[in-house]
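Presented sequentially are two complexes of subunit A, the first with subunit B as partner and the second with subunit C.
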Partner chain A sequence: MNAWLRRVLILVLIALAIGAPLGQGNYIIYVMTSWLIFSIAAMGLNLTLGYAGQISLAQASFMAIGAYTTALLTLSGWHWLAAMPLGVLACFVVGFGLGYPALRVKGHFLAFVTLAFNTLVFLVLRNEEWLTGGTYGLVGIPRPTFGLFSTMRSLPFYYFTLMVTIIAALAMWGIVRSPWGRAFRALRENPIRAESLGVDTRRITLLAFAIGSMYGGLAGALIASLVQFIEPGSFGLAHSLRILLMVAVGGAGYFFGPFLGAGVVILLPEILRFTEGYYLIIYAVLVIVMLIFVPSGMIGIWGRIRDRFIARPVARADLQQGAQLK
Partner chain B sequence: MSQPVLSVRRIEKSFGGIKAVRGVSFDVHKGEILGLIGPNGSGKSTLFNCILGQLEPDAGQVHVNGRDVSGLRPSKLNRLGVGRTFQQLAVFPQMSVFDNIVLAGQEHRGTMLSRLFGPSDARLTADAERMISFFRLNHLRGTLAGSLSYGQQKLLDAAMAFMAGPALVLLDEPAGGVNLTMLAHLRERLAAYNAEHGTTFVVIEHNMEFVMSLCTRVIVLAEGAVIAEGTPDEIRSNQTVIDAYLGG
Partner chain C sequence: MYSKFVLALSTALLTLVGAAQAQEAVEIGVVVELSGAGAPAGTNWRDGIRIAVDEINAEGGILGKPVKVTEYDTQTDPQISRALVQKAIDGRAYAIWGTIYSGSTLVNMLVAQQNGVPQFVGSEAPTIVEKGNPFVFRTSSGAQKGVPALVPYFKDTLKAKKVGVAWVNNEFGRGGRNVFIAEMKKAGIEVVTDVPSEQAQTDYASDVSKLKQSGADAVFVYMNQEESARFLIEAKKQGLSMPLVGEVTLTEAKVIELAGPAAEGAIAHVGITATADQVEGIAAFREKFVKTFKRVPTHDAIKGYIGAWTTKYVTELVGKFDGEAFSEKMHGLCLPATKYPRILLDTCWDNRGEVSRPSFMVQVRNGSPVVIGTVPAN
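And then the complex of A and B:
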C-alpha cells in the first residue's frame, strides 16, 4: 500500500469512528467503546506476539492491574489522568519482573509463566477482599471530567476513549517505526543473525513484552471507567485467550490487525445476534477457519487478494535462509 | 610483536561422540587476512561458532584485543567490534536491502532509549548509503533482500558484517556458490576494505584461488586440529595438506 493511499484511508477511518456513533443508542455506543478499548489491549499483545514473537496468556491480567489501580485511586478521589499512568507503570514493572526470568529460559516459557500469572492475579483479586472487594468487586468507579467536558454520558466517554486510542496507536506507530521496530522484525525473521549483528534479542523481547503489558494496563484503566464496576471474573484466562484471538484473527504483526481482530471478536456476535444463538457457532467456525487457513489473519487475506491483482516482489522460496549454526 | 586482535587458545568442542574441534590455537594480528581451510567436516564452522559465542566450547579461551570474551553473548561480541557472516544465507528476506544494512549498524549507536525516542540517525543512514555503494548494491537499495539472487544475497550478507565498523570480521565461505565475476568483485572489495580500514579478517573458504590470492597467511584444519600453517605459497606445496585433502 503506498503512503498516500494509507494516509487517506486512515483519515477516512478516523472520520468514520467520529461519525458512526452519532444518533446511535447507548448500547451501540457502549459496544463501540469496548471495541476501542480491546483494540488497545490487542495492540499491546500484538507487539509481544506479532512483532517480538512471544506468546503471552496474561493480557487480561494486565488489564486487571490497570483497572484495579485506576479504580482504587479514582474511588479515593484521584483524577483518572493521574491514576491511569500509575496503573500503566505498574504493568510495565510487573511485566518486566515476570518476563525477566521467563525469557532467560528458552522457548515458550513465557507462555507458561503468563498462564500461571493469570490464575495468580485472579486468585489475589478474589481473595484479598480488604483491597479488591473480592468477588463483589469494586462499584461506582467515577468517570473523568475535563473542565466542562464530562464523560459521564456514553457519547462523550466514547470520544474520550477514541482520543486515548489514537494517542496509543500513534505511540505504537512510533515504536514499530523506530530502530526498535526494525530490530523486532529482524528478530522475527532470523533471531540468530539478529543477535550476531548486535541486537540484544533477550532485552528487546523483554521490553516488547513489558510495553505490550502497558497497553493492557491502559485498556484496563479505560474499561474500569466504562463499566464503572469491576470484578475478578472480567479478567480471567478466558479473557486473555479472547485478546489472543483478536490478535490472531486480525493478523499478528500487522499494525491494523488488532483493530480488525477486536472488531470481529467483539462486534460480530453482536451483529449476528438476529441469528438467535447461532452466532456463537458461526463465530467459532470463523475463528477456527482463520487460525487454520490464514495464520496471518484477515489482513493476510487482503494481502493475498491484492497480490493476485498487483504484482509485487516477494521473498523467493528456493534459497534456503539459514544461520543455523553450520 | 604487538598484541593480537584475536587470540584463540586450545578450543575444544564435541557433539556427542564427534570431536569437532580438538584443541585449536592461533593468533591473528591487526590488518591480517587469515585463511582457514580444510576438508568438509573438519570443524571450521564449529570453530567460528565457538569463537563468536554461538556455541559454548568445552574448553579453551578466546581473547579479542586482549580481553577475555569467553562466555559473552554474540550480540555483546558484535558490539565489541567483531562482525561475522554465516555459511548459509542470513539476510532478512522480508526487509529491503537498505533496511538490512541499517539494522546491521543501528545497535552500535546511541542507547536503547535513544533508539526509541531519539530522532532518526542521519549518520547511520549516511554510513548505510556508503556501505551500499562500497559493495555496489545501489541499484538494489529498495529491493526485498529475499528476492535477490544468491550471489547478491551473499554480497549483502558480507556488507552487513561491516556495518558495525568492526576491527575483526569472520567470514564463513563468503564466496560459496558465487560466480566468477561476483567472486572477483567480492575479493576486490574485501582487499580494498582491508587496505582502507586495516580491518582484520579470518576467512573460511574452499575456493583455493580465492584464498591464495586474498590471504596473507593460511591455517589448515583437518579432523578438528591444525595440521599446517604458513603463507599461501608454503601451504600450496605442503605435503601434509595435500594428503589431508586427497585423503579427506
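And then the complex of A and C:
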C-alpha cells in the first residue's frame, strides 16, 4: 500500500471514529470506549509479543497497576493528568523488572512466569485491603475535567479516550519505525544474529516489556475512569488471555492488528447477542475457525486475498528458510 | 360488500390497537449472570421472573400495560454488567431486575442510580445498601441481617464453644465472614480457624483437613453454590463430623443436586426457600416452577419472582411509571402477604433498600431440604 493511500485511509478511519458515536445510545458509546481502551492495552502487548516476540500473560496486571494508581490518586484529589503518568511510570518500572526473567526463560516458560506475576498482582490487590479496598474494590472514581470540557457524560469521555488513543498510537508508530522498533523485530526473528549485529538484546528485551507495560498502564488509567469502579476480579488471568486473544485475532506484529482484534473480541459478542443462549458458543467457534484458517489474524486475511489475486515477485523459498535458521 | 368493509375496517383497527398496545408495553431489563460462575443463580433468577411475568401479563400487566422483558447475560463480569444495565436503560427500561453477584451489582447500580431507574437485586453483600443509593432494593436480606440470625442456633441449639469458618474469598464471602466473626465475638464464641478459599476452587482437601484438625464444634460455611457443593463432597470424603452450618446457599437445591449424598445433614439459615411449602404462595410457586422447568426452584428463583411482583404492586400503589416516585414509595414500605399474596411472605424495605421478612432454618434430610425452624423478621 503506498503512503498516500495509507494516509487517506487513516484519516477516513479517524473521521469514522469521530462520527460513529453521534446519535447513538449510551450503551453503544460505552462499548466503543471499551474498544478504544482495550486497543491501547492490546497495542502494548503487540509490541511485547508481536514485534519483540516475548510472550506475556500479564497485560491485565499492568492495567491493574495503572488503574489502581490512577484511582487512588484521583480519589485523593489529584487530577487525572497528574495521576495517569505516575500509573504509567509505575508500569514502566514493574514491566522493566518483569523483563528480567525474560532474559533467562523463553517461550512457554516465559508465559508461565508472566502468568504467575498476573496471579500475584491479583492476590496483592485482593488481600491488601487497607490500600486497595480488597474484594470490594474502589468506587466513585472521578472522570477528568479540563476547564469547561467535562468528561462526566459518555460522549465527551469517548472523545477524550479517542484523543488519548490517537496520541498513544502515534507514539507507537514512532517507536516501531525507530531503530528500537527494528531492534525489537530483530530480537523476535533471530536474537543471536541481532546480537552479532550489535543490538543490545538484553536492553531491548527489557524495553519491550517496559514499553508494552506502559500501554497497559495507560489503558488501566482510562478504564478506571470509564467504569468508575475497579476490583481485583476485573484484572484476573482471564482478562490477560482476552488481551492476548485480541492481539492474536487482530494479527500479531501488525500495527493495526490490535484495533481490529479488540474490535472483534469486544464487539462480536455484542453483535451475536441476538442468538441468546448460543452467542458465546458461536463466538468461540468463529475464533477457532479463524485461527485455524488465518493464523496471522484478521490483518492476514487481506494478505491472503492480495497474494491470491495480485501477482507479486516471490522470494526464494531457501532464503525464507534461511532467515528463520538459528 | 358492506360486511366485508366492516370486517376490513375492524381488522385494521384491531391491528392498530394491538400495535399501539405493543408499543406501550412496559420495558424491563433482566440483567443477570446467565453464563460463567454465576450461571446457576442467574438462570434461576431469570426463570422465577419468567413465571412472574406470565402471571402479571395474565392479570392485565402493570397499570394495564403488558410487561416486556429483555434478558441480558453479564457473563458474571462486573464491567459487562455495567454496560448491559446501560444498554437496558438506553432501551427505555422502567426497572432493572438483577444482578445477583455483589461485585457486579456494586458496579452497575451506579448506572441505574444516575438514570433514576429502580433496581431489584439478588445480592447479599452488606455494602450494597450502605452506599446511599436510593434506587437499589434487595429481594433477600443482606449478610449483615441474615448471619446474625444464625447466632442463636450456634449458641443455644448447637451449644458451640469453638467454631471454624470456611468462606469464599470474594465480596460475597468476605462480607458474610466479617459479620459472622463479629457476631461470634459478641456471643462469646471463639473462632478457632478461619479458612478462605478461591472462587471456582476445585480442591478443598487442605481446607477440610485444616477444619478437621481445628477442634471446632461446628463450622460456618459461606460460599457460592458450586464451591459449597465441592466443599461438602470433600468434607464427606474426609469424614468431617461436626455440624456444617451455612447461610442461604449451603442447602440450596443446586448444591444438593451437585453434592448428592454429601449434602446430607447440612444446615442453613435461609431468607426464603422453596421448601417452606407450609406457606401457601411458596407451595403454589414451587408447583408451577417444577411443572414449567422440570426442576426445583432455588431461593434465587423466588427472589426474582418477588422482585417482579413488587415492581407491579408498588407501581400500582404509585399510580404511574415514575422511577423517582417508585423509590420514594419503596422506602419504609411494608407489603403484607394477606393483601399482596404474590409477595409470598410479609415483607418490609427500610430507607436504604434493605429487606426484612421472616426466615427459616433448613436441614438437608433424605436428599431434600426440610424446614426445621422459623426465625422471626429482624
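Basically, the second predicted complex is superposed on the first by the 307 of 326 C-alpha atoms of A that agree within 3 Å, B and C clash if a C-alpha of one lies under 4 Å from a C-alpha of the other, contacts with A are read in each partner's own complex, and residues count from 1 in each chain.
One rule holds for everything that comes next: a residue touches a chain if its C-beta (ideal position, glycine included) is under 8 Å from a C-beta of that chain, and two chains touch if they have at least 3 such contacts.
Fair warning: this is a prediction, and the values are worked out from it, not measured in the lab.
Contact comparison for subunit A: of subunit B and subunit C, B touches the greater number of residues. Legend: residue contacts after superposition of the two complexes on their common chain; A:Y27 is shown touching subunit C, with no touch to subunit B.
Once the two complexes are laid over each other on the shared chain, residue contacts for A:A42 go to neither subunit B nor subunit C. In the superposition on chain A, A:S178 makes contact with subunit B only, while subunit C stays out of contact range.
When the two complexes are overlaid on their common chain A, residue A:I65 makes contact with neither subunit B nor subunit C. Of the two partner chains placed by the overlay, neither subunit B nor subunit C lies in contact with A:V113.
Of the two partner chains, subunit B is the only one touched by A:R203; subunit C is not.
When both complexes are overlaid on chain A, the residue A:F229 reaches subunit C alone and has no touch with subunit B. On subunit A, the surface touched by subunit B in one complex and the surface touched by subunit C in the other have no residue in common. The part of subunit B that touches subunit A in the complex is made up of residues 45, 49, 52, 54-55, 73-76, 78-79, 84, 86-95, 99, 102-104, 106-108, 112, 115-116, 121, 143-147, 150, 153, 160, 163-164. Residue ranges on subunit A touching subunit B, taken from their complex, read 175, 178-180, 182-183, 185-186, 189-190, 192-203, 207, 313-316, 319-326. Those residues of subunit C that touch subunit A in the complex are listed here as 34-35, 71-73, 75, 77-79, 82-84, 86-87, 89-91, 103, 106-107, 110, 125, 127, 131, 169-171, 174.
Of all residues in subunit A, those touching subunit C in their complex are 25-28, 30-31, 34, 126, 134-137, 139-140, 223, 227-229, 231, 233-234, 273, 276-277, 279-280.
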